[in-house]
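Remarks on the structure that follows.
Chain naming follows the written order as A, B and C, and within any one chain the residues start at number 1.
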Amino acid sequence: MSEDHPLFEQGRHLLSVSQFTRENLRAFFDLADAVDPIAKRQAVCTVLDGAMLGSLFFEPSTRTRLSFESAFLRLGGEVTTTTGFTFSSMAKGESIADTSRVVSGYSDVLVVRHPDKGSVAEFAEASTVPVINAGDGAGEHPSQALLDVYTLDKELTDRGKTIDGCHMAIIGDLKFGRTVHSLMKLMSLYKDLTFTVFSPVSLELPTEIEQYAVRHGHRVHVTGTVVEAVTGADAVYATRVQRERMTEELAQANTQGDLLNWSILAEANNLEAIIMHPLPRDSRPDSYDLSSDVDDLPGLAIFHQTDNGLNVRMAIFLTALGVSIEAVNLTTKQRPWKATLRS
Amino acid sequence: MSEDHPLFEQGRHLLSVSQFTRENLRAFFDLADAVDPIAKRQAVCTVLDGAMLGSLFFEPSTRTRLSFESAFLRLGGEVTTTTGFTFSSMAKGESIADTSRVVSGYSDVLVVRHPDKGSVAEFAEASTVPVINAGDGAGEHPSQALLDVYTLDKELTDRGKTIDGCHMAIIGDLKFGRTVHSLMKLMSLYKDLTFTVFSPVSLELPTEIEQYAVRHGHRVHVTGTVVEAVTGADAVYATRVQRERMTEELAQANTQGDLLNWSILAEANNLEAIIMHPLPRDSRPDSYDLSSDVDDLPGLAIFHQTDNGLNVRMAIFLTALGVSIEAVNLTTKQRPWKATLRS
Amino acid sequence: MSEDHPLFEQGRHLLSVSQFTRENLRAFFDLADAVDPIAKRQAVCTVLDGAMLGSLFFEPSTRTRLSFESAFLRLGGEVTTTTGFTFSSMAKGESIADTSRVVSGYSDVLVVRHPDKGSVAEFAEASTVPVINAGDGAGEHPSQALLDVYTLDKELTDRGKTIDGCHMAIIGDLKFGRTVHSLMKLMSLYKDLTFTVFSPVSLELPTEIEQYAVRHGHRVHVTGTVVEAVTGADAVYATRVQRERMTEELAQANTQGDLLNWSILAEANNLEAIIMHPLPRDSRPDSYDLSSDVDDLPGLAIFHQTDNGLNVRMAIFLTALGVSIEAVNLTTKQRPWKATLRS
C-alpha cells in the first residue's frame, strides 16, 4: 500500500496513512503503549530536551494543536506556535517553499495544518526537517486515523477481541468526512473486517473507499437505518453531519432527532457497543450528531480517543526524530507533583 | 465562610475567594513568601518539571495571562496557550463540558478566563484536573484579590502595622468593580477593619458587600469626597471608572479632573498612604483615574502588586498540585545569567 | 559612532546598530560563532535554564518572532508570547510606561516590535530588564543588520575575502527599506568599501545615509541599471520594491520584469556573486523582486541569512544577560534525537 509513499520512520515526513504497513503500524502502536506512563502523568521525560517543534496552524484547530504541543512538551521538547490564516510574510507574496525553508531552519520537526489539500506536502517538499501533516483540507489527517485505530485496538483487546474479524458500524457524513476515509484505509491493513455503513442521502461513502476496503478482502454493507447499521457491531464510529452539506428537503427527511443516542442503541440491542467519534460533537439543540445521553454507557470511548491522541502523537515525534524507547526510559523519572483531582 | 466552597488545597479548583479561611490564607501567604527568591530571579526552580499548564483565555487579558504563564514557567513547568473568544471546536457547537473534558486530558492544571459569570465553574465541573478561575465576567477573579491582600499585608508590615485594625480607603467604581467586592470579602477574614468608601453617584458599593463586611465585625463609612475618604487611611485602593458606566450629566458632575492625584493626597494630609490599584490605569487625558503624578510618592504600591502577582500565582499552582516548599527548595539552584539593568 | 548610544553589553537595551564599534562587533560575532553547534542542532544547551523571554509583537512579524523565540529556547530559556496590535490593557488607555513596567516584572529580557518609530525606546525607558528592538516602524531593526553583516562576513571569508575592501551592490527600494539604512551604517564600521546602488526613480537612497558612508571613508556610486550596479560586485543585496510606493507611471517605467534574476547576473558576468535579501521575497507573478531562478547559483545566501539569524539572536541574549561562552560550554551536551531528513 506504500508504493508512492515511503514508510514512516526516522527522518521522514508523515503525510498520509499510506505510509504504514501492518508491521510498522504494530511497532508504532508498541511505541505508543510504551510512553503511556508519560502520557498518563505518572512519570516525567526529558528525552527531547533541546528539541524544537514548529507548530504551524494556517487553519484554526485548537484541540489538534494542543494535543500535538502537549505531546512534544511532555517528552521534554520546546514549542513555538503560529496560528492564523497566513504568515505575515505570505501576505507579502512569499511562496510556500520560501516560508517552509526559512521556518524549518528554526525547528527540528514541524506540525502543519492548512486548509488546502496537498499544501502540506508542498510545504514538506522544501523543508529541511520532518513535517507532520495535521490536516490538509479534504486531504489527510493521519494522526487522527492512527489514534482511532489505536483506540479501537485497545478497546477490543479489553473485551478479549481483536481488530481482525471485527464488525465496525460507520455512520454519519461518509462523503465529506475525511476521518472516515483515512480510518477505513488504515483499518484495511487488518483482516476479515465487516463494515456496516449508514449515511443521509447525498452523503454516501465514495465508491473508491468502498472498493478499497473490498479489494483488501473486507465486506462493506450499506444499510438504510442507523439501527440496522449498529445491530451486532463491535464498535460504532459516528461522525458529525453538517446540515449545510444537505439541501433543506434532504435535511428534513434524513435528520429528525439525533444521529445516534441511547434509544437507537437499545433498539439495536447493542448498549454494550464501543462508541467512537472524532469530536467535536455538536451539542446544539438542532444538531444531527451523537447525543450526550450515551455518555454513561460502558462502551463510550470518545474521550479515550482524545487521551490516546497524546500517546500516538508522542510516538509520531519519537519515530520522526529517531528516538528509541530505551532512550525514553533512560530519561524518565518520578515527579513531586500530583495532577489528580480530589472529589 | 466556606460552607458552599471547599477549602483551596491539593486537587481542588480555585473558583472563589470564599475557599479561604484566615488560617489557610496565612499558610498560603507563607508559601508565596517562600518562593520569593524564584519570583525575584535570584534562583532557578525545576519542581514542576514535566507539568503542563493549559492557559485558556476565552476573553483577552494579556497581563493576567502573562503573569500566570510566567509563574508556572518559573517553577519549571510548561505551558500551552489558547486565546480568543472561542475554541474552533466550540464554534462547531461543542459543549463546555466536552471542551473541558478533552483539554483537561492534555494538561495537569488549567487557568480559565471567560466573559460569562459561572462559566468557569461549569468548565471545572467536567475537568479531570484542577481549574483556576482567572476571571469570569461579573463573577470572581480570586488571584487578583489574593495578590491585593498579600501586597497590603507586606506593605503594612514594612510600616510596623498589620491588616488587623487597619484603615482602608476604597474609591472609584464600587458597583461594577469586581476586584473591590472580592477584596472586601477576603479582607473580612481579618479583624477590626475600617473601610472609608467613595464613588461617583450611581456607582455605589452594593448593599450586600457593605453588609458582608459589617456582619464580619468591620466598619464601612460612605464618604462624599475622595479627600474625606482618604484622610487618615493607612492605604487607598483606587479603581478605574469607565465613563460609559455613567450618564453624561453624572459624568460631568462627578468626574472633573483625576479620581486621585498628588493634590488630593496633600489636601488630605496623607502623602504617605499606601497607594494601590488593580491596573490598568487609564492615562488618557479625559480619564477619571489614578494620576501618574503620584508615581514618586513613597507609598506607591501598584507595581508591587503586579510583581507580587507572580508569588501568589506560584503559590496557587503549588497548592493545587500538592507541592511542598521542601520539594521547591530541593529543586532550586543558582543560575549563570543576570537580569539586572545597568543604569 | 556611539556618542548618544551606550555600547551594547550586559544589562543594556539593544535599540540601534549605533551601539556597536568595530571591536565589540567582532567580539559579538565571535560569540555568534561559538554557539554554532547549538544553532546547528549538534548539541543541546541549558545555560538560560529558568530565564524568561517576554516576546511582544505589537505588529505581526511571524518569522522574526519565531527566530527570536527559537534562539532563546535553544539556550534553555522559556518564552511567553503576545502578538497583536495592542495589549487589551492598552486598549483601556494604559500608557506604554505602565505596560512596560508591569510586563518587565514577569520577564528577564523583552523583545519588542512596534509599528511606531521610537516607541520601542519609550518602552525600554520604563522597563526593569533589557529590551531588544525587533523593529520599530521606520526606525531600526538592529538584529536584521547584525545578521546581514555576520552572513556577509562568513560568505566573504569562505571565498578568501574580507568585508574590508569589498564591493557591495545594493538594489531595490533604498528609500523606505529600513534594512538597507541599518546595513550601510553598520558596514561603515569596516574600511574602504565600495557601494554601487540602484533604485527605481523616487525610491533613491536618502542623502544622509550616502553621506554617512562617505564620511566614514567609503565610496557610494549611484548607477542607472541593475546590471551596472552588480558588475564586479562581491555581493549584491536586493530588497523588495512595493509597487504601491510608486506612482503608476513610474511603476511601469521602472519595473518591467524582475528586480534581479539569472539573466541580469549573467549579463553582468557575475553569476558567482553572493546574493542576499532580507526576505520575504515576493514570488507573485507581477512582483518586482529577486527571482527564484537564482536559487541554484553558488552564491545564494538568503537562507544562510535566516539560519544565521539564530546565531546572532542567541548572541544578543547572551550579551544582554551577561552569559560567557564558558558558561554556555559548561551547560552544553549531546542529545539522543536526530533532526536530519532522509532523502
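Definition applied: a residue touches a chain if its C-beta (ideal position, glycine included) is under 8 Å from a C-beta of that chain, and two chains touch if they have at least 3 such contacts.
Quantities reported herein were computed from a predicted structural model and do not represent experimental measurements.
Student: What angle, rounded to the nearest 5°, describes the rotation that places the Cα atoms of chain A on chain B?
Tutor: The two chains, chain A and chain B, differ by a rotation of 120 degrees.
Student: Residue numbers at the chain B-chain C interface: does the shared fraction exceed half, giving same, or fall under half, giving different?
Tutor: different
Student: Could you please state the distance in Å, as a whole number, between where the Cα atoms of chain B are centred and where those of chain C are centred?
Tutor: Chain centroid spacing, chain B to chain C, equals 40 Å.
Student: So which bits of chain A are touching at least two other chains?
Tutor: Touching at least two other chains: 81.
Student: Can you list the chain C residues touching chain B in their complex?
Tutor: Checking each residue of chain C against chain B gives 9-12, 47-52, 54, 78, 80-82, 87-90, 92-95, 97-99, 101-103, 105-109, 127-130, 321-324, 327, 330-331.
Student: Across the complex, what residues on chain C touch chain A?
Tutor: Residues in contact with chain A: 41, 43-46, 60-63, 66-67, 69-70, 73-74, 76, 79, 81, 240, 279-284, 287, 289, 292, 303, 306-307, 310, 335-342.
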